[in-house]
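These notes open a run of structures that come right after.
Below, chain A partners chain B and then partners chain C, in two separate complexes.
Up next, the complex of A and B:
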């Protein structure tokens, strides 16, 4: 019974182990193809999530593992992300000196961690899942051992990641000590039975520590400092997986802790969430302005996005949560498209540290490869939040949820705070227009372009780009299907 | 003197603060890493104490997971620091200057 619940995770882990074994019999020149094989196998797992009969809601492993609509949504999300990242890795293969199969396998193990995180229902599962993701990413970030930037990014991620893990375990210890249980629903039940628990200093301090640690995962203030350095130094596919997978895992855990375990306390901490959201948006947007390195720019943009996700959370209504899921859906295609283009375009300049990943590399891209130029332009426009693309609709829904909270009669005390937050969010959008369009400008209107040789595109890369472009446009033009899905999921899970 | 929950928590809190102080103040990566381990063990102590005084074994179970995960983290972390040392001949944070604005 228990084993059948974690069938998808088992499949992913077995796939990773199989890949490591296959490596022994594969000649070096053909190892690159293993990534595509892994991507295809993951595609099968993704199809299986639609075909295999799945319980509506089931709990296993002593209440630690929960399979519900939200878990399924995020499992599919992570699978799609991992498939696109694996394709990106095969494009990146020539820049990995040794251990290519491990490079693929580690992404699969991180994926398994994320899928477990989507189902976490107590603090033990939360901790183990989060550490499986983080420790894997330490290795992935520093995978280009010959490149100093990569090693440095790995060490920075290591120290700050371990620091956030330290906060996490101490927070868990305090919450466990005051409530006497690790399980999210049981904590909620204890608060229900005894309201004074939620106002105990130690309990609140524990929850805040846990939230800070999860804030590290989504790159929100005050644990945002690692993001730009790590995104810049890590191998491009790893940055992409960090931006999408790791962030979404943080979001789902934050939702589980705040809305399942301490819904009461979440209501009282609205101000805290609002301040974190506002500061995160402003920090990300303002610091992105002077950046010339595109991966660093995307690092800051990822911080700003974390701010928007927190904005949805601070709205404290189900529409806000549904908007978060929608925003993540659009974010997946947008960010992966951007990183895939970066990965392909920077191939020629790999190893030259001085101008690696400089925005100037994209000069004349529309003549070198119209498809790459279209994908990157759409990604930037979508991230900036211009209609009719996915990013616009996501931000629109998030702000709409905050407006609803501001105008609802039971939030009168926070009304002015909500309006300030909306103003901050809109300011962030306006600032972001400037730096995203800097990239678009570099693509189409650069002077003195040197290299105009066409860029060859492999079939898998081409297909992934089509998928990303289709995703960005579809989610922007026909928001209905996904919106119905996220609304249904959220209403079923957080009554 | 009777040792109660408060005493254990006091020690655990002190250990956590020392660990955090070590990470924030010291500039050598290995020492910083030791500070981080101290923070983990502070949490372990608190968990075991709570577990003992709550008559509930969940906390002790969590400690096993934390020890295992911390061991994995140290294995990866030290390998990384050694790799960086080979490249730079230094394990000081001030020398991590490749990635800047």
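Up next, the complex of A and C:
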């Protein structure tokens, strides 16, 4: 038992508990500052991940917990996301009627769940981590109890989340029943020793069920239906954390299951992944076209992004996995920048349900606050995949990985399938230009602009925006360092 | 730092700088944009003069910095005889376009930022010797085009035009991207690089797998082809240019559009000779669609801008014909037409933009007799029309003549039809335009129309005309630089063709 392995998670959980205790002694008018305190503490934890000596690779807790490069990469990813989300929450604080400290603390608990997910090495840890994330999100999505949309989002997330948890448990049971073990490496070893296991219908069905459940987390077809409603209804910081944190947790678990536990089977499920990726991209892109509500639009765009992540996975090569990590890195700054701007701009119109979050709200934003306009424009342009921003390089890497599979000599049977997938991906990119630039157009060129009052920006919000902008530009203009990192991580973990 | 980095860097730097200039400093905004494009243009002229023609096959003014080592991406710029003229043309047209941007009166700051980003992107695309950056810079130039048409465009069909041009050009660019990626992945693992020079050398030494060529070549041909408005994928062009603000039309039709042709000559031909051998005859047929079909469509136009747009599509046919001939004369001619047409398209769109400012209409039936009212404008338009129908003395003539000589040895029938299109159809629509706009009686409402009065306003037109005449009277300035490079490219591209044909071409060119 090596408790120091989970030091970062312990720190985060303690921070959450401490926050709940502090709440008792903090007068209500100062509770808002607790979020910033939490963000600063998380920043310390993030710094600690660079300073504290860390084992190259270590396994603990009966083989259920694995600390390796991939886990560390995602832990840092989640920490950065959570810091930015906490800042966003303090901006959102005046729209929370009661229980502000809980609002902060729940995000910290979800963060702990994500960090455990990054290290999951058997199905038990996977299930526990997912439930920790999902259950906190049930509460978070419906946190604005006075707002019907928020409650609706909570109920929808609850019902579909419970359904996917059901799939997950059923899938795990089938896998355990056929293989006799929960551990990812042991499953791999058993398949290695006895190939017939991988071809057993029940085993395969179990793995597919697990994949479907994880597809719920990343909002991929066929479990994508919740995303737009929940993104639209949930409090904005929660939507942001769902879009970035929860999705990345799903991705890391998917990578662990497919590439560590059943690499053989993954090699044979290329077609399944391809179909899922293609349909997800098309669904997300096509449905985003008519949207006027920006959060709903981002919900559909998040589905399309899930498709692109699956695209990288279906390439079934290490460059594809590395591209997924890179894409997520750029996605983090891009999406959080977008949600942060939405969170700040919609402050004045909170409660007017008819107009809430309408794209028209951003009319004249460049006159009201140049920084907000710049951040949102860059975010949209980056999501659309235009150079020189992070989104372009991420999509470039993903497409490159798929073209690599398509032209590799050992994938001749799947060649035409891969090229179809590429065509679908390109279609998605072209369609996405339309709806992302619709937002940019609304910012700069709307007619009949009403409210032109300047928008005040707090220092933390300003700093977070700078961080996001710098991240988007740096990852687009100078991709070398992060790419070397992701390449290194992927090569070390999935030999 | 290499001169080239300065040429493409100043506009980009200025775009960044403009972001921090307050909105109401209109004069300063314009001044910065003009200064940056002017610096680029002057430096490009310096580079062109300093270029060592004797060593035209070698890359000069090279700068190479590692960017993403693990993927083999470098910031690598340099010019040889093939792109030195294109960079010069791009920089001059960019300056002229910036001069013509005075017509934009609202949201100038954003407009100039986009215009400068587009300029930097274009120059970067032509200067890059790295396939990744080639695409990167092209995309950087392409996206501002869409925004500029969508926001500052004119006419009732503006939204549809924006939609169409975005759709077509994005698809074209993405097809080319897939082709380029596939090309990169044809390199053996471990040696993979996006460096154009190394890739060309690699495939020269060890030819690419035939089936891969058959697959990648059409991706590049049609991807780049859509960007250049290859028939039947050309319909975005006249509409898009008709709706675009003047500087955007000048830059896109003049310079950015040539990127696809440059990509074909620089990347597709030398690296994939088998693909070229198979597809060039089809290209020769398709280019007739450009020359004849689009020429006939241009004849039918009632709007001056649509006429110029269609004629620019038709002119691309000559370039395609030159490329399809795959011999030294033809390809050299194609490059010459690319440069000449860059000046010409910018000039035509600049003039029609000026006219639109004065009359608010470009319908030729409503115009007439304007030569009396606007002597400078009229003279420039007549010269542009003459250059457009290939009158000797203008650079277009030199290029088109070379293309026809080159194509004659390869495709007789196609050449005969194409010459017909060039001489007859081109002359008909150009002269009709001149007659309708400039001659005849002057309608009452145009009595107040003003000519291009100040030297400052005349500068861009004079500059472009001067370039057309200079290279028209002395095309050797360009051909001496282009020809040695084209020789090497043609040799690579003909690696699989029957030797007898190769010898024939060699004799012809000597």
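Observations, loosely collected:
Heads up, the rule we're going with is that the second predicted complex is superposed on the first by the 494 of 495 C-alpha atoms of A that agree within 3 Å, B and C clash if a C-alpha of one lies under 4 Å from a C-alpha of the other, contacts with A are read in each partner's own complex, and residues count from 1 in each chain.
Simple rule for what comes next: a contact is a pair of C-beta atoms (placed from the backbone, for glycine too) under 8 Å apart; a residue touches a chain by one contact, two chains touch by 3 or more.
Predicted model only: the values in this text are computed from it and were never measured.
Touch criterion met: A:176 reaches chain B, while chain C stays clear of it. Touch criterion met: A:162 reaches chain B, while chain C stays clear of it. Taking chain B and chain C in turn and counting the residues of chain A each one touches, the greater count comes from B.
Within the superposed three-chain model, A:474 lies out of touch with both chain B and chain C [touch as defined at top]. In the superposed model, A:123 makes contact with chain B only, not with chain C. When both complexes are overlaid on chain A, the residue A:61 reaches neither chain B nor chain C.
Only residues 374, 381, 386-388, 392, 396, 399-400, 403-404, 406-408, 422, 426, 429-430, 433-434, 437, 440-441, 444-445, 478-480, 483-484, 487 of chain A touch chain C when the two sit together in their complex. Taken in their complex, chain B has these residues touching chain A: 9, 12, 16, 19-20, 23, 29, 32-33, 36, 39-40, 42-44, 46-47, 49-50, 54, 56, 58-59, 61-62, 65-66, 69, 72-73, 76-77, 80-81, 83-84, 87-88, 96, 98-99, 101. Chain C makes touch with chain A in their complex at residues 19, 67-71, 107, 110, 136, 139-140, 143, 146-147, 150-151, 163, 166-167, 170-171, 174-175, 177-178, 181-182, 184-186, 212. By the touch criterion given at the top, residues 123-124, 127-128, 131, 135, 138-139, 142, 145, 148-149, 151-156, 158-159, 162-163, 165-167, 169-170, 172-174, 176-177, 180-182, 228-229, 232-233, 290-291, 353 of chain A touch chain B in their complex.
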